[in-house]
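Right after this note come the structures.
Consider the two complexes below, in which subunit A is the common component and subunit B and subunit C are the respective partners.
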Partner chain A sequence: MDVFVELVFHGLIAACIYALLASGLVFIYSTTRVFHLAHGGVIALSAYAFWFTTSVLSWNIVLSALMAIVTSTVLGLVMNELVYEPLRRRNSKGLGYLIATIALLMISGALIIAIFGGQNQSLGFSSQVHVIVGAHVTTLQLLLMATTVVIFFLLHLLSTHTRFGKTMRATADNEVVASVLGIDTRQIRRLTFALGSALAGVAAIFYALEFNLDPNMGVMMAIKGFTAAVIGGPGSMTGAIVGSLLLSGVEQASVWYLGSSWRNAMAFTLLFIFLLMKPHGLFGRRFS
Partner chain B sequence: MAEKNNNALLWTIGIVLIVLGFVYFSATGGSGGTLKVGVLTPLTGDAASYGTAMQRAYDLAVSQINAAGGVNGKNIELVYEDSKCDGAAATTATQKLVSVDGVKFILGGTCSGETLAAAPITQAARVLLLSPSATSPDITDAGDLVFRTYPSDDFEAKMVASYAESTGQMRAAIISETTDFAQGVRNAFKASYTGEVVFDETFNSGETDFRTLITKLRAANPQMVYVSPQSPAAGELILKQIAESGMNVAVFANNAMIDRSAIAANPSLYEEVVMAEVQLPSEGKAVDMLTAYEAMYGNSPEFVAYTASAYDSVYLLAEAVGSVGEDAEAVAGYFGYQVVDWPGAIGTFNFDENGDAEVELTLVQAISGALVPLQAQANVVPEVETTK
Partner chain C sequence: MAFLADGLVSMDAYLIHLGSLIGIYILMSLSFNLVVGYTGLLNLGHVGLMGIGAYVSAILVKNFHLPFALGLLAAGLLTMCVAGILALPAKKIKGDYYALVTLGFLFVVFAVLVNGESVTRGTLGIPGIPRPEMFLSNSMYLLLVACITATTFLFLDRLVHSPFGRALEAVRDDEEVAQMLGKPVFKLKLIAMMISGFIVGMAGALLAHFVQFIAPNSFWLDLLVSALSGMMIGGVASMRGTVVGVVILFALLEPLRFLSFPSSLIGPLRLMIMMCLLLFIILRRPRGLMGRAELES
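After this line comes the complex of A and B, so read on.
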């Protein structure tokens, strides 16, 4: 029983990390229809900024956390203005964005090596261990779960109960009509990128505290976030949560029953099955 | 008409640049004034922590040798290639060193996987490969021009196994990374351990979440865990997650985790972890090297034994080339017959008939952020072993 509870917690912790990765991706996709894989690179760069300010410059951890969020927001905005907006003006199609975003993802990894060096870094952070119904959980992990729930709740409120949320959805549905109705769609996209990328900063902070930093970690994050988002349905926040839970559950089960080396293989099998059988995900809407 | 002139001008500039490029590269590439030595070491990624440590050791030895007049009047020039601790990257890097740079000697690889990937290429091109830190037992048979200055993992795993047995730890769990080096350690341990291996699982490089694996490990109820990662980064995460799982178990780690700065930064994580390392002599070359290292880099090396090994490998190579000339076969012969009880920074050194190093290993334990030799410590506090 204890072992089962422990496994459920492991699954939840991993799911929260995936959900944080996926939240920004889905948020940006749902308004701009850009599958912003470079989001993984933004997370990696802000995680390094977080590490650099706490470990090297010995800043206060709260200040460093703010720095990470500022870094990710600025990076997201810059990527949107310099790459995605020009592509939009040229009426690029999906493939153009895909190539651009993969290029940005690679550039992020190279930037990390250029700025912070090619070495792995560790913050050496550890927090108190609690025993909750037989499972061992740290304070950081509890904070991670709470933060994830709060973020998704706020995102839900934002998209359903605010004027900004409405204009966001209008922009997503039909950009031309939205702009005819007087919505500044470019401004909406800008705000979406700012907010979505701020979420990358939050993911980066938790990831850096919980695991190690590796210059190429952005690629793996993009893949995991992408997988969770596709399973859930790329435009849906509920989908991001369910997709993360499902992905994490399958991973934990494959580690338990098959061994750790099977984790990614089974995760990709799951992605493959969804792309084949349910390409719009569990909660996705069909777009023409 | 003006446009045509412009085009002609551009073409001329382009051609001039290409010609100048060729002249430049043939002038620098075909130089006769230096002894070119290739280096394979990971400069990026997980393994960069010890890859760059090797780089500092090589640079130190080369700067000393060059300052003292070089080898037969020639300065040594190191050509670094980032082999990323990865077989595929090492293959490309080796091919580049052999075909483009035309080196006859290569220092490295730092990882076993790199060295095993490089060996077929260097063997075919009759280039000498001298690794300071690739410890996989498989390298013993990698070729007649493959040498190394650090003992094979066979010795390390045997020491760990017999120490565990002598302290009554007869139920072992093994967590190992799926790389040549880490699997070499795992297999060597399994071959010599007489207790029961109750858990034996592997993980892929880049893995960060070991929690479920550790829960599974705990369910197997082992007395000891042997952690065999490829790099300190992965190993440290395993230690962290073992600590967070609330499990209390004796932990042994392979030599990839002997990162002094990491151990000093996180003393509680490493507390009582047992590893095997070559202990440097407390006098002679070892002390000189450490002094020179601190003078050059401003701090002491993180991987002391590997640093000494890399430092020695440059001197061994320089000495051999100085005496038999720039010929890989002759240098191999020199290593085989002339290097007898060679006094190195790493200690008294010999190559065995397979080109493996014969240097003594010692078990060390992390205590309050420092590595303490187990024997010495057992003498001071005899209760340590019985309380385990």
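After this line comes the complex of A and C, so read on.
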């Protein structure tokens, strides 16, 4: 029974990381209609920036965390300005963005190996362990769960209760009408990328503190975030949460029944089944 | 392009080695272009299909001692069937969502190759894949690859200029109109996918017996972006362009080997140059050098 409770907590922690990943992806997709897979690369690069500043330059951890968020925000903005906006000016549709974002994802991985080397890295960070209903949970993991909940709450408030949220949704629904109504859609997309990528920085910090870093982690993060977002429906924040929980649940179940090596295989199979049977996800609207 | 040319002493040996690789990449990119460029299905699972072909032939020939020719044929046929199944979602799902489905397929293939340890040896990969006695030397193997590539090129070049090829392009340009004109849209997509699957399955088998070692990583995103780059440089919907594109890609990337960089940097450097090139083409010239269509007309 204890093992089961541990597994549930592990599942929740993984689900929080996936939800942070997917929230950025969904946030960006729902405004710009760009399926920003390179988000995984942004997270990987910022996680390495965090590791480098704390472990090698031995900066204060708060300063490093700021550095990670600045790195991710700048990377997201640069990708948007240099690649996605020019593509938009060319009237490119989904396929062009998809190839571009895969290219950016691969560049991120190559950059990590070129700058930080090909070895795995670890921060060796540890925090106090608590025992909650028989499961061992660290302060960091509790903080991660709390942060995830707060971030989703803030994102929800942002999109439903602010002017910025309204203009975001207007831009997503119909760019032409939005710009006729005087909304600077380009500026809205820029802000969306900045904010979505800042979320990537937060995800990167928690990931770096909790897990080992490896140069190919960007691809794995992109796939996991992508899976959670697709299961939930790529335009929906609620979907991102449910998708992350479902993904993590399936992963833990396959660890429990089949062994840990089947974790990714079952996750991918879940993704594939959803893409075939329910391509617009659980909470997705059909976009033409 | 992750296959390093270790232990090749002379320039001639290196070029012969490179020749076979270029031939195999051309096969991969030609079949990619048939589906992506001519039919308009962005099948990002293409290299997953190639992996299936490679593993089928490697396992049949190494573990079951089947003759090489049978392994090659089995790889082609089995991959063709899988490609047929992968074409089924194209009935309902279109455009970038089909690309996502096929990307999901690539992930599944990768996971199966990694986890099916009893058959595929997982991440360890399959070493020592035998070559047939007749083609033991690199130069004989180059001859074999060249023959198969040339035959495939001639076949595909004729195919795309036939009424069938024009029907495919009609499907790509406007599916509704093609449907209204009485073209069996889904059947055309299915046939294109199956032909492409047969060719790329064989390409995978040829690669497996050439480099004699395959692992799940050999058929992962690195290879996918190589296929994308080869096709996009040469030209969407142009068979001749594809050949030119792959040759240009190799001509740009191979000289990096001779620069005095630390070897750990060469891999990332190649990938970065290739990706910047791919981005440049998508942004500046989406039909490539000799292309006749854009991916999203």
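Throughout what follows, the second predicted complex is superposed on the first by the 287 of 288 C-alpha atoms of A that agree within 3 Å, B and C clash if a C-alpha of one lies under 4 Å from a C-alpha of the other, contacts with A are read in each partner's own complex, and residues count from 1 in each chain.
We adopt the following convention: contacts are C-beta pairs under 8 Å (C-beta built on N, C-alpha and C of every residue); 3 or more make two chains touch, one makes a residue touch a chain.
In this text, all values refer to a predicted model and were calculated from it rather than measured experimentally.
Ranking subunit B and subunit C by residues of subunit A touched puts C first. Applying the stated contact rule after C-alpha superposition, one finds that A:212 touches subunit B and leaves subunit C untouched. In the superposition on chain A, contact of A:260 is made with subunit B only, not with subunit C. In the superposed pair of complexes, A:183 makes contact with neither subunit B nor subunit C. In the superposition on chain A, contact is made by A:3 with subunit B only, not with subunit C.
In the overlay built on the shared chain, the residue A:122 is in contact with subunit B alone; subunit C does not reach it. Within the superposed three-chain model, A:113 lies in touch with subunit B and with subunit C [touch as defined at top]. Judged by the touch definition given at the top, the superposed model places A:191 against neither subunit B nor subunit C. Residues 113, 117-118, 261, 264 of subunit A lie at the contact with subunit B in one complex and at the contact with subunit C in the other. Residues 42, 44, 89, 93, 95-97, 99-101, 104-105, 107-108, 110-112, 114-115, 117, 122, 221-222, 224-225, 228, 232, 264-265, 267-269, 271-272, 275-276, 278-279, 282-283, 286, 295-296 of subunit C touch subunit A in their complex.
On the subunit A side of its complex with subunit C, the touching residues are 35, 83, 86-87, 90, 92-100, 102-107, 109-111, 113-114, 117-118, 219, 223, 226, 230, 261-262, 264-265, 267-269, 271-272, 275-276, 279.
The residues of subunit B lying in touch with subunit A in their complex are 43-46, 48-49, 52, 82, 178, 201-204, 206-213, 215-216, 219, 231, 233-234, 236-237, 240, 243-246, 262, 265-266, 268-269. Here subunit A touches subunit B in the complex through residues 3, 6-7, 10, 13-14, 113, 117-120, 122, 124, 126, 129, 131, 136, 138, 211-212, 214-216, 220, 251-252, 255-256, 259-261, 263-264, going by the rule given at the top.
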